[in-house]
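Please find the structures below.
What follows is chain A paired twice: with chain B in the first complex and chain C in the second.
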Partner chain A sequence: MKATALSLLFALFAAHVHAEDIVVIVNPTAKPVSKEQIVDAYLGRSAELMPVDQTVGSAIYTEFYKKATGRDVAQIKAIWSRILFTGRGQPPKQLPDSAAVKKIVAANPNAVGYIEKSAVDATVKVVLPLD
Partner chain B sequence: MKITWKPAVGGAVLLLSTLPGHADASIDQYLNFSGFGTLGAVYSDYRRADFTGEYLQPRGAGFSHSVTPTPDSDLGGQADLRIVDGLTGVVQVISRDNEDGNFSPHVEWANLKYAFTPDLAVRVGRTLLPTYERSDSQNVGYALPWVRIPNEIRYSNSATHSDGVDVLYRFKTGSVTQDLQVQFGRTSEDFSGAIFRGKDLVVLSDTVQYGSTSVHLAYQTMMYTFATRPPARFRLASAGFTYDPGTWFVTGDSNFAHYDFFGDFYAWYLSVGMRFGQFTPYLIYSTEDAPDASPPAGLTMLGDERTAAAGLRWDFAKNVDFKLQLQRVTIETQHAPASFNLVQPGLRVGDKANVLSLTLDFVF
Partner chain C sequence: MNARSWRETLHRRVGRITEPQILFPLIAAALLIAVWTATLGVVRLKDAEAEHDAALLSRELLGTYEAQVVRVLREIDQTLNLVKFWHERNAAHGALSELKNRGLLPPDLVFSVSIADRDGAIAESTGPVGTGSVADQDDFRKQRDAGTVLVGQLPQGPTGDRKLLFSKRLNTPKGDFDGVVMVAVDAAFFVSGYDASKLGEHGVLGILGTDGVVRVRRSGESMFSGDVVDYASVLPKSDEADAVPPLSRSSWDGVWRWSTAREIYGFPLAILVGLAQEEQLATVRKDALGYLSWAAAGSVGIILLMAVLGRMSWQLAQSRLRESESRLEHARRIEYLAYHDGLTGLPNRSMFSKLLTQRISEARRYNKQLAVAFLDLDRFKQINDTLGHEAGDQLLIDVAARLEGCVRDSDTVARLGGDEFVVLLPEMDDGKQASIVAQKILSVIGKAFTLIGHEFRVTASIGISLYPHDGDDEQTLTKNADIAMYQAKAEGKNTFQFYSEKLNANTLERLTLESSLRHALERNEFRLYYQAKRDIRSGGIAGMEALLRWEHPDLGTVTPGQFIPVAEDTGLIVPIGKWVLKTACMQSVAWQNEGLPPLSVAVNMTARQFSDEYLLQDLAAILKDTGMNPQLLEIELSEALLIHDVETTLRILTGIKSLGIRIAVDDFGTGYSSLATLQRFPLDTVKIDRSFLGEFIGRSEDSVLADAIIAMGKSLSLTVIAQGVETKEQAEFLRTHACDELQGFYFNRPLPAYQFAQLMRAQTADISYIGTRAGLLNPEL
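After this line comes the complex of A and B, so read on.
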């Protein structure tokens, strides 16, 4: 029994370390961006960058917000509800996958997105690894 | 809060919505619909007055009914329009228990916004006033950590919206962001039996954001008329703050209001909450005090009361939360305590009301 519990714990731990690393990306022509600017963009505090999202509730979405902002999905929704229903802005556009995020970031000099580290290619520039 | 629809603004929005937008690389949609709502139920054990969700509501729980859905239930719908780059429009209609005791919808927001740069914009039309930290989203339950904004902080302010023009300017100094807002307009609110009209309304508001900390400061002034009284001056200053690093929050707000006719009002609240996964328990203390000095109206201590509340927000599903709030209100005046209406003979200073509120908030 003890051994089962222990191996389960190990399995969970292993799964955690092997969870894919997420990186924040911008256009290759963009100036360097700080973590603070990224957090401000995704929490609707700044309009200097154009953030794009992955599907709300997807693993990468949940992981990104937890790591970058320390907030969970419901808190993010509450923050953007306040911004939306006071006419101050729209939440980041949701895109279906990392390929779609790369496409938008590669085409917009002020766009910012997040994808799996393994999905990075020359069309985008990594500004912040999240681990 | 009966608000007459301004055909000019509505017409402009409709007209502009038919214009073709410019094709560009942006990924925004031209028209977005969204909405929010709350299903609520309130129980009060105090029989000598009705507990309400805001001072304009004529009825609530306690005297008329022991349980009622009216204080917090509402439904709002919004259309966001992107006309051309930089020019956007928003119309929000909301149905909520009003001064007539019905849910007839009114227009909460209806304005056109032109952004000269991402940080400088001008808006024309109707907006909610930034009187206190959460006044511009006071009816969006899902965006609030509690069942409702404390009644005490709402009480000292008679106007919730402005029809006019405002300028929004955002600037950064190091890691400090400031959102400045200057607003000019007029307003009106229906109370049971009399109309409050305000003109020459000027509001200055500054929201300072530094990481997880934000501070909101505002000053508001206008000339108002109420019922058959001659015009008088209204002034309000407010200061609030929030510190929310994610796992917990502390927030507070305060205001001082002066009416030439009704006198002075002080109100404040303080609240803390902790987040445990889907659960966010919280505490609130709030109070309103109109000092004893006799104003021309002759009604001293208008609204006086204090409230201690404990509650829980449960984010149990996507875009939906459930909240439960228990509060004890101590009545400190016989003249319209802030949370109550339909005051009955026998109400005494020092009386306590125990109120239980349940809400289901959603956004779509």
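After this line comes the complex of A and C, so read on.
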């Protein structure tokens, strides 16, 4: 019963996040990047940028991949499993929250990340709003 | 001979091959064999190539997969070792988060690392924690006793998000069991390298334990685990790394694959790679189907092409055949025409002489007889003249048909030309048989013919010669049959005659005469002799009779008695008679111009001449041309001729008379003509036949007869001439019986023109000389 209630709560929270817009951010000094470059980076097709992830299975993680690449979690996992297994790359580093993402992006000119729109501040630059 | 015949046989066989009905099927068969051999060869080659390629690919994929799996396993092993080291060294909690923060753990996405304490409770984990304790798991229990890496098993069935668990024992510093470090990896991860572009939907990629339990295997998008395979059987038999994997049937799904397995060094695991036969060969099978379709289409094309070519060639050959046949037909026709009579279709003369020659040689070889029968229609010329050529031709056709109808098949009927036919009887036992056939022919020909609506009857004359009796070569037999035929005609026609030697002598002479006679006029071989007629009272020359002589270059002088009948029969008498008349008239005119006394000239005329339709025209023309006084010309006709057809004779005689020509009856007294008949004719002279003179001297009854004939002539107011006077007694008798003129050897033999001219000149100069010669004026007589 308790688990069910928790799940319900979690679902409500997810719905709340869903309602909130996600933006892709880069280092303010970085050149402008296109959506294709971002998608390629998160699907392991290109090593040009250094993408960072939020926690696997988190609402923003799921929402980001769905909006940016049109794929669900399982597909993303399969894609990165394959890349990892065949030794062609490493999946993006997982960070616990948007603050950690901003911190990395702000520190790294090559980095790219995604956070809630509301979390955007001057340390990063929004290159792609996802809504 | 053998070599040659072999060569000929070979040549014939090779020749037969070029015949279209053999050649084109042969070419077609050769092409079909070539096409199908090539196609099947290519298909088999491609198939073998594809199989080889698939096997090689399978091996290559195995190598790649091995490298990937080994790398991942090393990483896992390294992680286990790292955690173990950290844990054992620091002996504190929080090893995992420490390591993770340092980025030393593998990505959370796939790997989840946990540590269980010595009781099996999960102390720490990077992934979601399941039950919180692994104390009841086999691996955990095993790790208490062993220090190796253990690979957990998965339950049988489709593998979704199930994980493979790798574990290692943690030790206390003293070496006691202090828990387990575990790395859980999604089973799917190990087969995420499945490349559908190479492995297809039915290939297989998998990992199995050395215990034979399949940890995970993937075909297409489907993943399974838990099957048990015969571990020994999936490993290659030989140790050679580059051995080509064999085709085998997978135990779990029954698919044929080139599959091979390889043990992973340092782990109780083996990898498995397989390529499905059906899938790998699909392309080449499809290609093969394409090749076979092309070959089939090509075959149909070849067959059609060959059929078309064969048909065209056949048609060409047929048309050539037809052409050569028509040429042959033409040649046959030409030959037929050369050897056959166009009108009746019977063999012609050339064919007949060939056949006869052939039959003679056969008869000679087999000692047999044969007969040649010549046949000539008796009145054919008349029919042709009166009914026209078409009727004549029809008659010949009918006669030919009848002849063919009455002889045996082995006999030959031929037409030699005109109305002459010949029958060759090649199988004769004796002459009697030939006469039977001849008789049969005569009776068949004798039956009525219907020509242009009228019935006609014709007769034929047949002459027969026999081989070998009458000749042993074609020419002799033919000639002798011809001679016999003439004889049959002479015998009175509508009869047949066998050849005999005697016959030959007579007829040959006649034939010779006939042919010479045809040329006699052209060669100017005729001469006229003149015999004087004496006036019985004065003894002077009262006139003359022109007599024809033939100076034959070989035979010498031929008398009219010998050749006139021939000339009469052949009709040559007409031109000869004209020549005689003209020559006699010219001579007479010439003599008169010389100053000799104008004397009458008598010229004999035969029946044929007399009945010639142009007689009167010819006479008139001759008189005109020569300037002859018609009163001096006398035509002598025999009594028998005159009484043959009185009315016609009267008409002709009147015509002659109207020209002013005198008419004499020759051989008077032999024709038994009545006085009344003679009276009707416009006659001038009668000549008493010599037969009355030959015997009457000394016999009173002959004298009376001669006397009566002379008296009869006198009573008709005709000049009476006695001819053939050869003795003095005869002359004396005639003189006393008041004959007018005399003619005969007693007075003058017939003389050539120049001698006769001398005679006349002599008489003019000395009449007594002639009188003395004549003995008439001799008073002593």
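In this text, the second predicted complex is superposed on the first by the 113 of 131 C-alpha atoms of A that agree within 3 Å, B and C clash if a C-alpha of one lies under 4 Å from a C-alpha of the other, contacts with A are read in each partner's own complex, and residues count from 1 in each chain.
Rule of thumb we're sticking to: contacts are C-beta pairs under 8 Å (C-beta built on N, C-alpha and C of every residue); 3 or more make two chains touch, one makes a residue touch a chain.
Since the model is a prediction, treat every value here as computed from it, not as a measurement.
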| message | Following the superposition defined at the top, how do chain B and chain C come out on chain A, clash or fit? | response | clash
| said: Let me test your reading of the model: by the given contact rule, A:Thr86 touches which partner, first (chain B), second (chain C), both or neither? | reply: both
| task | State whether A:Gly70 touches chain B only (first), chain C only (second), both chains, or neither. | result | first
| In the superposed arrangement, does A:Arg45 touch chain B (first), chain C (second), both or neither? | first
| query | Is the number of chain A residues in contact higher for chain B or for chain C? | reply | B
| request: Scan A:Gln94 for contacts with chain B and chain C and give back first, second, both or neither. | output: second
| field | First, second, both or neither for A:Ile104, with chain B first and chain C second | value | first
| request: May I ask you to decide whether A:Ser58 touches chain B, chain C, both, or neither, giving the answer as first, second, both or neither? | output: neither
| task | Choose the clashing stretch of chain B with respect to chain C from the list 4-12, 112-120, 148-156 or 166-174. | result | 148-156
| If you lay the two complexes on top of each other, which residues of chain A touch chain B in one and chain C in the other? | 56, 77-78, 81-82, 84-87, 90, 93
| field | Residues of chain A that touch chain B when the two form their complex | value | 36, 40, 45-48, 52, 56-57, 69-75, 77-79, 81-82, 84-87, 90, 93, 104, 107-108
| said: Looking at the complex, which residues from chain B come into contact with chain A? | reply: 25, 27-28, 32, 34, 36, 76, 78, 80, 90, 92, 109, 111, 113, 118-119, 123, 127-128, 134, 136-137, 140, 142-143, 170, 172, 175, 177, 209, 211, 245-247, 275, 277-278, 315, 318-319, 321, 363
| query | Along chain A, where are the residues that touch chain C in the complex? | reply | 56, 77-78, 80-82, 84-87, 90-91, 93-94
| field | Residue ranges of chain C touching chain A (in the complex, touch as defined) | value | 68, 71-72, 103, 107-110, 186, 188-190, 192-193
